[in-house]
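One chain, subunit A, links the two complexes that follow: it is found with subunit B in the first and with subunit C in the second.
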Partner chain A sequence: MFVELNNLLNTTPDTAEQGKLTLLCDAKTDGSFLVHHFLSFYLKANCKVCFVALIQSFSHYSIVGQKLGVSLTMARERGQLVFLEGLKSAVDIVFQAQKEPHPLQFLREANAGNLKPLFEFVREALKPVDSGEAQWTYPVLLVDDLSVLLSLGMGAVAVLDFIHYCRATVCWELKGNMVVLVHDSGDAEDEENDILLNGLSHQSHLILRAEGLATGFCRDVHGQLRILWRRPSQPTVHRDQSFTYQYKIQDKSVSFFAKGMSPAVL
Partner chain B sequence: MAAVATCGSVAASTGSAVATASKSNVTSFQRRGPRASGTNDSGPRLVSIAGTRPSVRNGQLLVSTGLPALDQLLGGGLAVGTVLLIEEDKYNIYSPLLFKYFLAEGTVSGHTLLVASAKEDPANILQELPAPLLDDKCKKEFDEDVYDHKTPESNIKMRIAWRYQLLPKMEIGPVSSSRFGHYYDASKRMPQELIEASNWHGFFLPEKISSTVKVEPCSLTPGYTKLLQFIQNIIYEEGFDGSNPQKKQRNILRIGIQNLGSPLWGDDICCAENGGNSHSLTKFLYVLRGLLRTSLSACIITMPTHLIQNKAIIARVTTLSDIVVGLESFIGSERETNPLYKDYHGLIHIRQIPRLNNLICDESDVKDLAFKLKRKLFTIEVDFIS
Partner chain C sequence: MTPSEGARAGTGRELEMLDSLLALGGLVLLRDSVEWEGRSLLKALVKKSALCGEQVHILGCEVSEEEFREGFDSDINNRLVYHDFFRDPLNWSKTEEAFPGGPLGALRAMCKRTDPVPVTIALDSLSWLLLRLPCTTLCQALHAVSHQDSCPGDSSSVGKVSVLGLLHEELHGPGPMGALSNLAQTEVTLGGTMGQASAHILCRRPRQCPTDQTQWFSILPDFSLDLQEGPSVESQPYSDPHIPPVDPTTHLTFNLHLSKKEREARDSLILPFQFSSEKQQALLRPRPGQATSHIFYEPDAYDDLDQEDPDDDLDI
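Here is the complex of A and B:
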């Protein structure tokens, strides 16, 4: 996890809020560093994490996780991390007939169905184990990323339904957290993606939006991060808070600074 | 052989680091060996495959794209297990060149090739590969290779004319060059012996689609399904993913797919804006990514993105590919007659570079790049003018 980002979000692994949906969004840049942040954050907070990783392999997250101080292999071995590797599963599903239903079995079907098997998988992974003593603090669902589901033939409504079911189970019933990543296609006019993004923006409590700089590529400032706190359930009297910072990604951390205050400029 | 020894020594220095990494899980350095996590290799994996080198940044195994200038812009080369997507130029003149450079590099390095096309017979594509430019140093390596391959009888024969033993041989035997990245002469063809010595598999869509083998139902177009099965078959049969217990492959599979997404593949994304198969291509790319990530292979795809009607698909395709390079030729555009661009044939845009096993990526500082095809060489230069 990035300590500077924790300071900006005013949170630590021990004092994180529960029952929240965080939306990660990236436009014209790569926002995957946020996914790595939250993965290591919740693993350090001793939460039970279910990670639906659709876009990269396990070793990718594992190697970056080691740089950030968590070991995904050990977390998986002791049962703290349930990892669904989308790429490997896709190869298994498409080339071999599966005997049991697989969470991603919609890949074999010609018509876009729904994500019910995936939801069942998540619910099974995060359900509290009756072992007497509470081993993990609260469950967390992490999805990287939802836009891939649209590329694989799912409709935006099906994905929104899936998120809704997960929210009801993970956030409300189990008092856990959810973090999902969606790409913002910007001017590519991806209608399905826009529906998904707008729908999720209205439901989430915290939106982190990584944008490329409007002026183009810069070696010292990699992008801009917009943080938006929302209170969806409360009346609109309370204004949503929004902050904007610029950031530079380094090998093991990310440094944030106010706009125009990059150390390279000053 | 001297060629392999030099390659081995490069890997040996990182091998000791791997030894420490395997003992403790805390170190952040991890030698990127074969991506097949299904293998039972528990010890340090010294990867000494010809034509590959570890990345300077994170030890990732890289292969050359066939153009040393492009390798430099991509941070050293194409990472094993990733896809290089070339967005074709408007009249498809320069993208086949990059495609052939990639395959030629595989032939010279001794990699296995898999060439898939719906338009041209893969055998014809291989006949048109450019000839490698081999300088004297490399010729000496050839001679050593050829020497070691020579049978004792022919050595005896050469004793009669011993003075001629020292001269470079005229015939070129099977090449196993350990250099990373070669230059090619676009005006000459690759020698027939090199092509015949290479191990290659061809997928020509009109031939494969006529067979009546039962295809598993999937929502991909039949052409894509057949191609995926073909690729998966080769990877499994020849052991590139380490799962086949009989075959443990220590070589790279170079996959080249030409004009993916064009109507010749049975896909209609270039014809209609909201066709029935709008997810076929993205699904194909997703499953291909899964295949590549779990095997020792690298893939180049050329795609006519300028023909795709639905811009959203291009964005999705970009997300599902690792490296995306766009070619923009000046032919037919107003820039052709622009005196500022008279030295160049087009612009090359590096649209995306992956962040693999890392938070950062090797993005080049220079974004204005132009290419020109000189009589022999394809060069990429910084475009100072615009």
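Here is the complex of A and C:
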């Protein structure tokens, strides 16, 4: 996890709020550093994490996780991390006969209407185990990313329904958190993606938006991050506050600074 | 005006805004966006209706019942009839708990009332319904629910119905938005600037011109309304009055001004493609020695001046 980002969000692994949906979106840049941040953040917070990883392989996240101080392999072995490797599972479901419903069942079906099997996988992964003592603090669902589900043929409303059910189970029933990544197509007129992004924005408590700089690529400033708090729980915090910071991604950390205050230009 | 009079006037205006939104009845659209959310205003209206003694039904699809009831005291919470469609709206758990017919069935069931008590129905949210139901079906159901009190049959026995619909503007195209707009008696569009929220209220009273007004407000933690004057429009000029303004046109390496002679020369210039009278005369009276134009052509050895087959490719 990136300590500077924790400072900006005013949170630590021990004091994070529960029952919240965080939306990550990126426009004209790669926002996956935020996914790595939250993955390591919640593993360090001793949460049970279900990671639906549709974009990269397990080893990719594992290598980045090691740089951030968490071992995904060990987390998976001790049962803290349930990892759905989309790339590998997709091959299995297409080339092998499945006896029981598979979370990515919609890849086989021509007119898959909904993502109910995927939701049932998540619910099964995060349901509390009756082992007597509570081993993990609270459950967390991480999805990287939802836009690829649209590319695979699901409608925006079907993905919104999936997130709705996940919210009802993970955030409300189990008092856990959710972090999902959606790409913003920007100028490309992708109506389904816009419906998905706007629909999720209305349901989120926190929106982190990584944008490329309007002026183009820069070696010292990789982009800017907009932080929008919606529905804050404390009444003293102004509703719908928004902040913008610029950032530079380094090997093991990300440094944030106010706009125009990059150390390279000062 | 003493402070107490000012306070009374303030609450008078607050009641006026919420009253005006609820007084007309029918469909009230609350259009919000990601930056300016409308659920707090919806809850403020729900609280006002409950305090007025109306029957209040909530169709909760987007947030959990706990989250919706948060902030209301127990007096108001006891008056709310909550229909929960958040936990399992699509009946994925395959239990019989879900209301048969889903949210649409619940909405249609509210058409069959016979009470004289005025009723407020809050839809949280109308966008949720609009994304999953055909627009025409939803509009018909909304029309039936919100116009119960204007049916010619037993209009005296059914009380006034207000339907408050929370609509997220970015999610829908102009077609469905226009259809709902036409159905609505009142439309409230939420916006704001510089951290201050505003509501643009458009009322369509029957047999009168539609009225619109913009009201700046903020919602307190107990969901009562606090009306405000709006952000101050004066912005301080940043220039320091002690430093004289610098003239940027000094020390230029090129000339920005024209002298009188240069100006005259520029004005008397004839543009090359301008059709002036001299040019017209020159064209009408051709110069001698240029009567007609001739084309001199000597045919090559290979030329075949056959008018019927100039390309010489017909195979006749």
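One rule holds for everything that comes next: the second predicted complex is superposed on the first by the 258 of 266 C-alpha atoms of A that agree within 3 Å, B and C clash if a C-alpha of one lies under 4 Å from a C-alpha of the other, contacts with A are read in each partner's own complex, and residues count from 1 in each chain.
The rule is simple: contacts are C-beta pairs under 8 Å (C-beta built on N, C-alpha and C of every residue); 3 or more make two chains touch, one makes a residue touch a chain.
Since this is a predicted model, take the numbers as computed values, not measurements.
Undergrad: Looking at A:K116, would you say it contacts subunit B, subunit C, both, or neither? Reply first, second, both or neither.
TA: Once the two structures are laid over each other on A, A:K116 reaches subunit C alone.
Undergrad: Tell me which partner A:S59 touches in the superposition: subunit B (first), subunit C (second), both or neither.
TA: After superposition on chain A, A:S59 lies in contact with subunit B alone.
Undergrad: Kindly classify A:V129 by the partners it touches after superposition: subunit B alone (first), subunit C alone (second), both, or neither?
TA: A:V129 contacts neither subunit B nor subunit C.
Undergrad: Between subunit B (first) and subunit C (second), which does A:Q203 come into contact with in this model arrangement: first, second, both, or neither?
TA: A:Q203 contacts subunit C only, not subunit B.
Undergrad: Touch test for A:I195: subunit B only (first), subunit C only (second), both, or neither?
TA: second
Undergrad: One more residue to check, A:V265. First (subunit B), second (subunit C), both or neither?
TA: After superposition on chain A, A:V265 lies in contact with neither partner.
Undergrad: Taking the superposition as given, does A:H164 touch the first partner, subunit B, the second, subunit C, both, or neither?
TA: In the superposed model, A:H164 contacts subunit C only, not subunit B.
Undergrad: Spot which of subunit B and subunit C makes contact with more residues of subunit A, would you?
TA: Higher number of touched subunit A residues: B.
Undergrad: From the superposed pair, tell me which subunit A residues show up as contacts to subunit B and also as contacts to subunit C.
TA: Subunit A residues touching both partners: none found.
Undergrad: Touching residues of subunit A toward subunit B in the complex: what are they?
TA: The contact residues of subunit A facing subunit B are 30, 32-33, 36, 55, 57-60, 63-64, 66-67, 71, 73-74, 86-91, 94-95, 97, 107-111, 147-148, 150-153, 183, 185, 188-193, 216-217, 219, 249-252, 254.
Undergrad: Given the complex with subunit A, which residues does subunit C contribute to the contact?
TA: Residues 34-37, 40, 62, 64, 66-67, 86-90, 92, 127, 131-132, 168, 170-171, 195, 221.
Undergrad: Enumerate the contact residues on subunit A facing subunit C in the complex.
TA: 114, 116, 119, 157, 160-161, 164-165, 168, 172, 194-195, 198-199, 201-203, 207, 228, 230-231, 235, 238-240, 242
Undergrad: Residues of subunit B touching subunit A in their complex?
TA: It is residues 25-28, 30, 35, 37, 58, 216-219, 228-229, 232, 279, 282-283, 286-287, 289-291, 293-294, 311-312, 314-316, 319-320, 355-361, 363, 365, 367 of subunit B that touch subunit A.
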